[in-house]
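Sharing a structure here in structure tokens format.
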Amino acid sequence: MIIGIPAEIKKDEYRVALLPVGAKLLIEDGHEVLIECGAGLGSGFSDSDYTAEGARCLDGPEEIYAGADMIVKVKEPQPSEIALMRPGQIIFCYFHFAGSRELTRRCLEKKITAVAYETLTDARGRLPLLTPMSEVAGKMSIQEGAKGLEKPMMGRGILLGGVAGVKPADVLVIGGGVVGTNAARTAAGLGANVVIMDINLDRLRYLDEIMPKNVTTLYCDPHAIERYAV
Amino acid sequence: MIIGIPAEIKKDEYRVALLPVGAKLLIEDGHEVLIECGAGLGSGFSDSDYTAEGARCLDGPEEIYAGADMIVKVKEPQPSEIALMRPGQIIFCYFHFAGSRELTRRCLEKKITAVAYETLTDARGRLPLLTPMSEVAGKMSIQEGAKGLEKPMMGRGILLGGVAGVKPADVLVIGGGVVGTNAARTAAGLGANVVIMDINLDRLRYLDEIMPKNVTTLYCDPHAIERYAV
Amino acid sequence: MIIGIPAEIKKDEYRVALLPVGAKLLIEDGHEVLIECGAGLGSGFSDSDYTAEGARCLDGPEEIYAGADMIVKVKEPQPSEIALMRPGQIIFCYFHFAGSRELTRRCLEKKITAVAYETLTDARGRLPLLTPMSEVAGKMSIQEGAKGLEKPMMGRGILLGGVAGVKPADVLVIGGGVVGTNAARTAAGLGANVVIMDINLDRLRYLDEIMPKNVTTLYCDPHAIERYAV
Amino acid sequence: MIIGIPAEIKKDEYRVALLPVGAKLLIEDGHEVLIECGAGLGSGFSDSDYTAEGARCLDGPEEIYAGADMIVKVKEPQPSEIALMRPGQIIFCYFHFAGSRELTRRCLEKKITAVAYETLTDARGRLPLLTPMSEVAGKMSIQEGAKGLEKPMMGRGILLGGVAGVKPADVLVIGGGVVGTNAARTAAGLGANVVIMDINLDRLRYLDEIMPKNVTTLYCDPHAIERYAV
Amino acid sequence: MIIGIPAEIKKDEYRVALLPVGAKLLIEDGHEVLIECGAGLGSGFSDSDYTAEGARCLDGPEEIYAGADMIVKVKEPQPSEIALMRPGQIIFCYFHFAGSRELTRRCLEKKITAVAYETLTDARGRLPLLTPMSEVAGKMSIQEGAKGLEKPMMGRGILLGGVAGVKPADVLVIGGGVVGTNAARTAAGLGANVVIMDINLDRLRYLDEIMPKNVTTLYCDPHAIERYAV
Amino acid sequence: MIIGIPAEIKKDEYRVALLPVGAKLLIEDGHEVLIECGAGLGSGFSDSDYTAEGARCLDGPEEIYAGADMIVKVKEPQPSEIALMRPGQIIFCYFHFAGSRELTRRCLEKKITAVAYETLTDARGRLPLLTPMSEVAGKMSIQEGAKGLEKPMMGRGILLGGVAGVKPADVLVIGGGVVGTNAARTAAGLGANVVIMDINLDRLRYLDEIMPKNVTTLYCDPHAIERYAV
């Protein structure tokens, strides 16, 4: 199969859908990989990192879309990208169709085979392509929150971990899934007193067993929310 | 020197001032050890544990006080014990003279040489014979407090460590010395959220470095007391 | 549905079957909640905590049993309660029928629909309404055991955690289920050296991974019991 | 003594030199406290928080400087503040004279008694008024560094803690004093692999004993710097 | 059933297939146990340990094989043992047939019922009789590796844990199954910086949750291998 | 000063007394460094590592001893080395004079200025040049002990850390100084149950605060030794 990797064009998107090692593995399996010149730069990979593995670098997205059986990219297609798609072509990316009727309509019109990362499930019903995004999101949420609490950022001037003799911040995390667990662990690592709420007691029991001791689990009901979150 | 170990007679005192191994070491160093029959029973040592090390067991305290150059015991002397003391005899025990003018007066009258455990200091000014008592006191304080919180003990029905999904108890420890540190560690070990207050920031910094993460250090001032202790 | 919450009348039972937030959620879902005056006092909730959420407070159990489609309570029904039940009424509580043929016979005669908490299973065959009781039981077992070891309680005068230089107590926990795991963690938190035995090696492996390091896992067979438990 | 607390006027300085509880303690000891209206706002304290403790609020700094025997403030005096100082008045703040010959000259001309926080030493030669600043600096350094590594901040797009399956960042901390220790602990709490260098092996041994396991200590010499820091 | 336990005869094999407590349990269940004299010596059990539980000790393997319905042993049968087997006899041991066509052929000729420990699976498809061997193997691998790094063993003179101020060794573990997890934990316990690689991200996430902090998880692909393993 | 570094000639000694970075620092301070060719090979440093820093490599020890004001080496001088020493020359190494009257006599005859690493004390009376050796010794003691317990090494076939369901080994460490502390931490890291004994209760208290939980501290007296060490 010919697999095409266009450069991402959405604002503030620096990722690339395929690492050089991914190109290597696909090519070893008999596939052909076309990558747009400069597609890996935002993630620290040069064109030669890809060509060294056997991929071909092409200027601009037109030849990629024209030549590939399957397009692998990161973000949902932008209008200029949809225009390049061909009927029957497989497009593999985060689509988030539920968020845009317009995007959905256009993709249907193009008669592509759209495979949305965010909907793929594994044997146990989990979402393996969403999990790493959620891990990053959980960790970043605390990093951004810590920043937002700084006085020069118009915050309340609170340092999450406090210092000796000064109470650390209280952090409430609602939801003990992948995002919440990563947020709780990051906030606890910074020294905050963390409460993590969920309605799944089994999950809370597991979190009790593996979380650092400055994380407290709490069953989530309206009264608990009112008491700790307001 | 002839060293005498009378049995303790104060109510609820089960300790003995000398272990069999202590008798062994003293005798190896050329001393003689007289011990009252049954003195070690409350601590789990039989008379033969002492005689096996070379100590002599005597019935009743009279012969002990009559024969010994130094009496080693645990609690402050009771009236019947003071009556047996001889001028110049060394009495080594917890006296706590500050708590009883009567005891002090009688000991002075007896012209004994009183060595009070609780006042002995080491090279750094610490109180090595008080420290183990303080360690026990700190640990027991939480054990007694946990018991007192039980509903059948007329307590508020709070389990210090909570369970998954239920907030653990908040425990405030005022003072980060030996007692407070042991209390804080015990309460944290049971799963409570612990705050330990002190006016010595250096001590709080050290506690921050070695305490489990569910212990928070707090500088102690009147506002902090009002906020957390009431 | 009309849901009734009688006050518990069994000795030493201070719980209430429904929190105010539970009343709120049921009423939001269209149900009606009748609660006996004072039913929540033992758990720290006043009548007004319930009426603020829309529940009606009634004096005595008679009107509760007369008006409710479903009775939710904690302990197995006492004779005076059975007398109030009506045919077809749903009674939801810990019945423990296996422990009392008399209770079983009377409930059958009353033609109630009895739902026993302790028999409800989740999708994985576990007992979600027993687990929190087991967590509490496991933690309390060590608290009670620690108390029972105190000298004034006629115990052997052992402090579970010891102090520096003195060996902590050895605690043997037989069974690594919910009760045993909570007991082991509590004893370890107090500083004891803990051995936990089970015949399920997979469970022991998991406990090895998450337990503090002063907990040792041991496969349980008659020789192990003889060696460590006697 | 009459103690005056002017509002801080240096840019981005939100602190106040005295908490309301400090005013309370000084007044209980027989002192008088004058505070500039609004001085506590940046730290979350209203004027009434101070007057409730017995302090007097005055508009503008002029009356503070005119009436107080001792001025307690945070930052080094600004020109408009120096103009208000009176000969013999005690000024207690962070002066950092070494950083400004001009400031030093003017303070000398004013014949004030300058007490610089940053030079006060305790009995062991440490700097108790600098330590908390260093603790904050160490923790903030990692928070700022984490922010600076974000892609939208023109950073390299590295998340300090990584996620499962992705190597965390390597963080090198040069110097194992108060700043470095707090930086190392914060970076380790976020999940980074941390190396902390110092030329004091005793300090490194202590850090080895109390730091989390993702902190490695390294003796600092030119070769080590070249190898890990470049 | 009559169960026979021959002594192991393969070189460097010191184990015995049945502990005395196993004999006790089998006999309580109505079986008969024959054990070769001295079979338990290498594991620290005397013949009388077995006979005390009701087993019969026989000299040499001939009577064991002649009398037992099922032979339980550790290592794959050696030629002299195969010669003693009888058609229909159950032989329960580690066979590893895949490693020896000759062994397989002979066992087939003997018409025994061979049950290979290493192929038994539990309800979840795992290999319960291999797991403990893998645990030992993982732990021993680090112990042997540490030894092999010693200078007198012709190693590079590296101490896995380093000392304060000296970087610990880097240990790469490929595969996060039972062997790899035990190896990683042992190396981390010795103080090494450990990287554990696997292609199962779920497993790496779990290891991230339970492993000590000096273990880093890394997704395994050819580039990662090249970078860390060479 | 001219500083000479001869190659070590004692059996099984692979160390070198000066790293290349040490040569760099000495030369930057105005000294001259002479090193015997190949002296660094056993520690992984080539001659060019030294010459790159400005040191001069000389063949054989004769020119080193003839030209240097101070000889820095590792092990006590061997007879062939003593023969090369010159009166007044400073010799800096581990001498351990107490262990050899012959060595002491010869060094006196040579009228050298002998500085023994093992006797240098810091301001607090500690032995800074012995401590790292003790750290290594403590860690190696467990590594060697683990090896010695292996069955093929004629040991008892005990794995220090056990596996899930099998009790780990009991390790007794007598003395809580540098060697003992490192041994205890290593054994605990491997999973053993460790007891560490000392007669200094302050030291045991500190160890209790920083050691992993599978290390128990025990006051050392003859009875304790008899009970745990035999």
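Chains here go by letter, A, B, C, D, E and F, matching the order in which they are written, and residues are numbered from 1 within each.
In the analysis below, contacts are C-beta pairs under 8 Å (C-beta built on N, C-alpha and C of every residue); 3 or more make two chains touch, one makes a residue touch a chain.
Every value quoted in this text rests on a predicted model; they were computed, and no experiment measured them.
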Can you list every chain in contact with both chain A and chain D? B, E
Is the contact between chain E and chain F built from the same residue numbers on each copy (over half shared) or from different ones (under half shared)? same
At the largest C-alpha centroid distance from chain A we find chain B
Of D-E and A-E, the pair with more C-beta contacts is D-E
Among all chains, whose Cα centre is located farthest from the one for chain E? D
Over half of the residue-numbered contact pairs in common: that is the test. Which of D-F, A-B or A-D passes it against B-F? D-F
Just give me the whole-number Å value for how far the CA centre of chain B lies from that of chain D. 42
With chain centres taken as the means of their Cα atoms, state the distance from chain C to chain F in Å. 58
Just how far, in Å, is the C-alpha centre of chain C from the one of chain B? 37
Averaged over CA atoms, how far is the centre of chain C from the centre of chain D? Could you give it in whole Å? 51
Where does chain B touch two or more other chains at once, residue-wise? 132, 164-165, 188, 201, 205, 210
Given which chains touch which, is the overall layout a line, a ring, a star, complete, or other? other
Chain-chain contacts, ordered by label, are A-B, A-C, A-D, A-E, B-C, B-D, B-F, C-E, C-F, D-E, D-F, E-F
Chain F - residues contacting chain B, complex: 201-202, 205, 209-210, 221-224
In their shared complex, at which residues does chain F touch chain E? 12, 14, 42-44, 132, 135-136, 139-140, 143, 146-147, 150-152, 156-157, 159, 161, 163-165, 182, 186, 188-191
Any idea which chain C residues touch chain F in the complex? 162, 164-168, 188, 193, 195, 201, 204-205, 207-208, 212-214, 216-219
Touching chain F in the complex, chain B uses residues 19-22, 24-25, 128, 131-132, 210
